[in-house]
Each structure stands twice: as structure tokens, then as C-alpha cells.
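Which chain is which? They are A, B and C, in the order written, and residues in each are numbered from 1.
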Amino acid sequence: MLKTFMRRAGKFAAIAAAGLVMSASVQAAEPIKIGSFLSVTGPASFLGDPELKTLQMYVDKINEDGGVLGRQLELIHYDDVGNASSARNFASRLIRSDQVDIIVGGSTTGATMAAVPLVEQAKVPFISLAGAVVITTPVKEWVFKTPQTDRMAAERILTDMKDRGFTKIGLISGTGGFGASGRKQTLDVAKDMGIEIVADETYSGSDTDMTAQLTNIRNTDGVQAVLNFGFGQGPAIVTRNYAQLGIKLPFYQSHGVASDSFLKLAGDSAEGLRLPASPLLVPNALPDSDPQKAVVQNYKSEYEARWDSKVSTFGGYAYDGLMLAVKAIEAAGSTDHAAVREALENIKGYVGVTGEFNMSPEDHNGLDADSFRILEVQNGDWKLID
Amino acid sequence: MLSEFLQYLFTGITIGATYALIALGFTLIYNASHVINFAQGEFLMIGGMTTVSLTAMGVPMLLAIILAVLLAGVFGILLQRFAIAPAKQADVVTLIIITIGASIFIRGLAQLVWGKEYHVMPNFSSDEPIRIFGAVLNSQSLWVLGIGAVLVVALVLFFTRTLIGKAILATSMNKEAARLVGIRTQLVLMLAFMVSALLGSIAGVVVAPITFTSYDIGIMLGLKGFVAAAIGGLGSGVGAVVGGLLLGVVEAMTAGYISSDYKDAVAFSMILVVLFFMPRGLFGAKVVERV
Amino acid sequence: MLNQFMQSRLRGLIVLAVILYTIPAFLSNPFHYDLATQMAIIAATVVGLNLLVGFAGQISLGHAGFFGLGAYFTGIMTGNYGWSAIPALVVGGILVGILAWVVGRPILRLKGHYLSMATLAVGFIIAIVINNESQITGGPDGMPVPPFDVFGWELSPFGSYSLFGIELNGSQAWYLFAAAVLLVAVWLAQNLIDSPIGRALRSVHGSEVAARVVGVNTARYKSLVFVISAIYASVMGGLYAHFQGFITPAVASFDFSIVLITMVVLGGMGSTMGVILGAVVLKLLPQVLTHFQEMEAVMFGLILMLTMIFMPKGLLPTLQMAVSKRLKKRAGGQA
């Protein structure tokens, strides 16, 4: 009963609002509906929060500049609290109830994958903001993603290790979706590259001390460097424990902690560690010839001016997601699902915050491992290593 | 070999002491009302987060800690007055659901006030870790252990030496009899919630430099505290302390010697082992059932 | 009169059936059917859990573990080993039942909150195993599950079907099926309540000592009802997996266990219709609260607290009491 009431009230409000809009500007076309479900609260809120802020901010900005195809954008977003079942329900709501034209969202791999069967069936273009390689490998017709895959991160890290002459490494990873998938890719890539993982430890998202696991790694024979794959506060605790134990081996983190808040949490302990990240963290260190420099600088200054908080790589995924959606709709000349999908698949040379996207029917991510830069923490700040 | 073992032991005892304090909080309220207070972890969060935000505003650390602990105490009283007391006709299970509602509510408020980020709290004393036989001990661990020990002693004195403490004990043993001898049981219940909140928030403050703190830190630590209380036999103070330390040490030893993947599973199976073989918990009180 | 009507179990079932099958008149798109289908499956789970809470006076803090185990067993067997859905649901239910017996039997000899602790532990262990054994379960990122099938006939939320000449889309067909499942679940539960076992159980809830004195083996009955409630959860978990098409370890999480027990208490412990209402309300609330954005958690916690403080017996029993009081008053006034 409540529901019917709500719906009636909603309809009434919609009609009333529509009336108002109609009287204001008679030709105003129907808005383009961008749907989004993000982990704005819950354990993955450090992903969803900047993502939502980015979407809100740029949807407003695009609307101020006249919209897309002469139509305004309308952002419809829900918070999945990091729960895959909620994500699926909200994806269902976006597709079937709100009837959105395109979905940009899915902060975590679990949330994304839970929505994929629905999206594929309903044939709605979907740009995911989550990392794991399974999202776009094998290619799913309607699913795209903007972050580099965790496999690329593993490749980038292990390449850097190999360049420095390390062939035996210790691995510690979180048991959450990001860490577990990252661990799997690292083990896989290491085999291909001839690097031996001599210690393999894990910690759960709720752990408050990883000294025991790190002690095991330190005491393993022949270990030359250590990699931590995980996100959230866990890697910051690992970093501090690493320093407390006085482990002198070179230390790597994944792109999961590529944000200034990580530096704040880990403090001095982070000194000297390396990680792969988008150039967003070091916008001014890029050479002027780098086409990404302007994009990254703009995004950073606009975001920080609007929200009064530090920009993070994760918000950048949402930026690229939204811009790719807009580009595709413009190229398609309509919001026809099939046409937009087709256009998305053929985007070439779009320079975003995360990297240069070259989509193709075989690659719905469009980035390569080189889009990751290796950064090192020096004097409490990020430094670009090349 | 020795250094490894010591390292795991230090890690385990530190976190175990925190679990023990949380478990004591559970035990207090459980004894006074048979309610499992699922908002226990939120007291921890209030302690840590208030201290962090007050120090950020320039309040000296010690004062910030005192204010934070007092604030948590107030929340404990409010929780009892406005959520538990009005529903006194309710089933124990209903009261438990009320505490779940309360914890979601408090966490929601905290998220509105303080945001979602994790925050750093500096160590109380030096950042320099202490080295013993090749193992490393965080100086903050000593604070955790020391303050934990002081609190336990204070609690023992409170329950054996003060009238209020004795009244709480009496009420937990037999509510009707206590009422007959003139103890105001609602007041006692309120005190139990307050003391439990004080304990929780102090735990939250001392452990924050090790674990960081955030609006949702109470979920995981609160749960582990409950597990510790269950291992020790819900309702026993000694059990809560031993259960907490044991849980911490077993977690660290499992992570070190067996498998970090399954260390939490080992912790939870301890509950089953204790229930199967020592049904009253390690130190569970002998319950005489009244007919 | 209304009270008498509500008490009559068969009529209760008929009322439920009428409600369930008129609901589609109010559903306007597949998303609504989606939600209604989930509500029906979760409600059936909660009806099972209510047997334990309402009639044996025990609470389970790990029912999502059984639900998740059922979901993953079905998912793995039908997805990787080519089983058909029905045998997977049955075997999963039996295995979970055995597990519940092994855990419940020794613990239910004890009086107190021990079952809640044991189930909490079992629930967590199940969730941890599902999370860690990623070769079989897909780990934290979850795994896809094939559609429900009977003798080669598939029921997919994306299919299209015709029933007595009426064209149905997959979402509608699933809802009709889930509603039928809920009716069967309620019917079974009521039969159990009215059986000699049920009477023995109610005596356990009344006074365990008295029951024991008159020769009722309380521990055995309590274990039995625990096993039955676990089997309910397992089978419903399996159906849920088929319906969703994708499951993650969240289905076995402690959070979800808490949601399930909350549904029981919110709706009204011991009242089968009440707990169904509890499931509907708790499933609907997050969808309604999306309007509150950042205030969502605060509102949810507040609503939960206030409802339980002012309606400690649960939604439906409190409403029923209010209605019957008013009727009595009116009858008194007329006389």
C-alpha cells in the first residue's frame, strides 16, 4: 500500500514538475538519464564517495554548458553500501524502473559482476568503475570499464621489480575482492615473468595488526622484495607494521591505495615504497608534452575547488566513465542503446584522467599497462619514477 | 625461533587486551540485563573518533581523551534511558534488536558528523618500537596492556568494595531479590550501561594509535569482543579477560604458524569447542535455574 | 470476529494467497516483480527461522550461513557439475540439516543464549570458507548461477512464458512461482505447529522445566526444529541463487543473519504472518530510504529502534491487538 501511495505521490510530483518545466521552456527535450549505483557508504566508501562526487559535479557542469545533444543530463544514483545483492537490486531498479539510458557505476568488482547478467539481458550499455580483470575478460557485449585491470597493475609492479633485479618476492594480500583477485593475477603474472613468490600471506579486512604475517615473510629465505595487494585501511596498517618490524626490503603497494589519504594514514612508514598509479597524484611532474597533463590538472583543480577535499584516483575512474558515456552518446547521435554501445566500442584516442583509451570489440577497457606510472613515496609525497 | 614466537605473542596480547576490555563491557550489561548489547562497539568508536576530532580542534590530548570517555558514558546512559528502559516489558531478544538499531543509528550519526575516512591518532608516548630478543613491541602496546590491567583491577575493587558495585552484582544474581532489599534495579541497569560505555571508549582510545579509527571501527572490534566474551562464558568477568587474551593470542599464532587465511575461522571455532566441551564457557558462572 | 478469523490457520493461508496473487495488480514493472520475488523467498526463509525463535525460544545469529551454504551448494552443483536444480536443492537441504543437527544437538541441551553463539560461529566459519575457497566459489567476487530448471524446463527471470494462455515475462513468472513457494512454506510451518511436535515445542517455550517434568524430551524437539529451520534457509538460499543468477559471499554474511533475525522480531516472534510482514518491511525500507541519501543509516536505525520500543511484540501482533481492542470496545458500546 505504501508503495502504491509512494508511486502515486511520485507520479503526481512528476506531472507537476513536468508541468512547471513545460511552462518554463516548451522545447526542453527529455533529459538523458545516466544511472549509477556506487558504494557511497560501507567498507568501500573510499571508492564510491569520490566517484559520486565526481559524477555529480561533472553532470552539473555539462548541463551548465548546454548538455549533450542539446539535452540535459539527469543523474540517478543509489548507494549499494558495498553489498553485491543491493547492487544487483539497484541495477534492476535503474534499468527497469528508472529506464536509464546508460549506467556508469559499480565501485567494486562484486557489485559490478552481480549486475552484469541483468545488464547483458536488458542490453543497456554499462561502464564499470571496478578493477578486476574478469569484468572485461572475456569480453561481455554491453560491459565496459575505466580502471586498469588488476592484471596490468601486477604486470607493472613485477616489471619494475624485475628491472631492479628482484626475482624472489614475498606477497601479502587482503582477503577482500580486490586483494584476492590481485593475488591471483600476481601469482599468474609472476609465473609468466619468471618471478618466484616465496611467501604468500593474507589478512582480512577487519584485521588490526599484520605483524605476524610480515614476520613470516621476513623470515622466509631469499625474499628480495615485498608486495602488498589490498585496499582500505589494511595496507596502511601493513605499511606501519612493516616499518615497526624494521624490514629493510624494498616494499610495493598496489594501485588500491593510490590516494593522499593513504599517505596520511601510513605517515613516515610509507617512505620509499613504490606503487603503480595514474598520473593524477603527480600532475605537475608530467612533462608538458604529455597529453594527459592538462586533463589531469584540470580535473584535480576542479574537484578540489568544488569539494574541498583531496582528489583520488578512484574519482578519476568516474570522470573517465562519464566522459566516455558522453562521447559515445554524442558519436551515436542518440541514446539508442545499440548505437551507444557501438560508439563506445569504437572510441579511440580518448585521453582521460586514467590514461589513453583505445576501445575495440576485443578490448572493452582500452588501456594498457603503460598507463600506470610507477610512483615512489619521498619526503611524504609522491614522486614520479621513470 | 624464539623471536618469532615472541613477536606473535606480543601481537596477540596487545589486540587480546583490547578484546578483553570490550568483552568486559558485554559481560557487565549481560549480567545486569541478559541483553547482548550489539552497540558495544560503538562506544569504542565514540572514544576514538571524539579524541581524534577534539585533538584536531586543538584540545590537548589528555583533556580530549577525558571528554571523549565522558561523552561515551553519556551515550551509555542515553542508550539505557531512551532505548532499553522504555521497553522493559519486552523480550530479551527484542532488546537485543533494539541495541542493533541503536548501533546502526549511532554509526549513521558518526558518519554524518565525522565523515567516512580513517583517522590517525598519534602514539601516547614514543613512536620508537621496543626490541626484545629480536621481537618488536610497539610502545603503544604497553599502554594498552597497562591501562587494561588498571581497569581490570579498578573493576574488581568497584564490585567488591563499593556499595554501587555490590548492588550491580546483586541485581545480576537475582533481580527480584535485589528489588526486595531496596535496590533500584533500573538505576543499576543504567550504571551498568555507563560503566560498560566507559570501558569500551577507553579501549577505543588506547587502541586507536595501533588500528586507526573511523566511524565503522566498532563493527569488527565489537564483534571480536563478543566472541571473546562467548569463549570466556558470557557473564564471567574473569572469563572475559582470559577469553580476550586467548582469542588475541590464538589469532596471532594461527596467522604466524598455520594459515592467515583461516585465522578468523580458528577464532570462531574456539567458540564451538568451548561450547561442546566446556558448556559454561571457560569461566562461565554456574547457573542455578529458578523454577 | 476479525481475531477469530485471523486465528484460523487455513483462513490465514487463504488470506495470504489472495494477497500474494492480487499484488501483481499493483506492480508496474519488472523491478517491482524482482523485489516482490525476493521478498517472497526471504519471507519463506524467515518463516522457517520463526519456527526456531517463536516456538523453541532460541535465536540463531548464523542463519545466513545456512542460506549461503544452500545457495552455493546449488550454484556449484548446477553450474559446474550439471546437476538439475531440484536434486541440488534437496541434497543441499539434507547436508545443511545434518550440519545443523551436529551443531544443535549438544548445544541445545544447555539453557541460555548458547545456540546464538554457536550459530554465530558456524555462520562466520561458513562465510570464511566461501570467501577463501575461490577455486570452487569464485571467492569474494562471487559466482554466476544457472537459471532454475525442472525436467529440462527453465525458469529464468529473462525468459517469456505463457500460463493458461496469459503471456508472462520471466519476472512475473518467477514471482508467481516464489509466491507459491511461500504458500507451501507457510502451510508446512503451520502443519508443524499444529502437530504433536508443535505442541511439545510450545510447551518448551512456555516452561522448559514443566515440559521436561511431563516427559517431553525438550532438547530433541529443539534440535529438530533447529534442523527444520536450517533446511528452510538452505532451500530458500538455493532458490534465491537461481533467481539472482549471481551470488557473492554476502548471502552468507553475519549482516544478513542479523537482517533475518530482525525480520522475525520486527514482524512479531511466533506469528507466521507477522514475520512475513517483517520481511516485507525490512526489504522495502532500504528502497524507500534511498530518498534520504546520507541520512539513510540514521533513519533505518531510528525506525528499527522506535518500532521495537513502542511495539515490543512486533508489528503484526501489536496491530492485531489494537484492532481487537477497538472491536471489543465497539461491541461493548453497542451492548
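In the analysis below, a contact is a pair of C-beta atoms (placed from the backbone, for glycine too) under 8 Å apart; a residue touches a chain by one contact, two chains touch by 3 or more.
The shown structure was predicted, so the numbers you read here are calculated from the model rather than taken from an experiment.
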item: Most distant chain from chain C by Cα centroid; value: A
item: Two chains joined by the most C-beta pairs in contact, as defined above; value: B-C
item: Whole-Å separation of chain centres (CA-atom averages), chain B against chain C; value: 32
item: Distance between chain centroids, defined by C-alpha means - chain A, chain B (Å); value: 36
item: Chain B, residues touching no fewer than two other chains; value: 111, 223, 261, 264
item: Multi-partner residues of chain A (at least 2 other chains); value: 41, 175
item: Residues of chain C whose C-beta touches two or more other chains; value: 132, 296-297
item: Residues on chain B engaged by chain C in the complex (per definition of touch); value: 34, 36, 83, 86-87, 89-91, 93-94, 96-98, 100-109, 111-112, 223, 226-227, 230, 234, 261-262, 264-265, 268-269, 271-272, 275-276, 279, 287, 289, 291
item: Complex contacts: residues of chain B adjacent to chain A; value: 4, 7-8, 10-12, 14-15, 111, 116-118, 120, 129, 136, 138, 207, 210-212, 214, 216, 219-221, 223-224, 252-253, 255-256, 260-261, 263-264
item: Footprint of chain C on chain A - complex, ascending; value: 2-4, 6-7, 41, 78-79, 83-86, 88-89, 92-93, 95-97, 109-110, 113-114, 116-118, 121, 132, 134, 175-177, 180-181, 184
item: Residues on chain A engaged by chain B in the complex (per definition of touch); value: 41-43, 45-46, 49, 175, 201-206, 208-209, 211-213, 215-216, 219, 233, 236-237, 244-246, 261, 264-265, 267
item: Residue ranges of chain C in contact with chain A within the complex; value: 26, 28-32, 34-35, 38, 131-132, 134, 139-142, 144, 157-158, 244-246, 248, 250-251, 255, 284, 286-288, 290, 293, 296-297
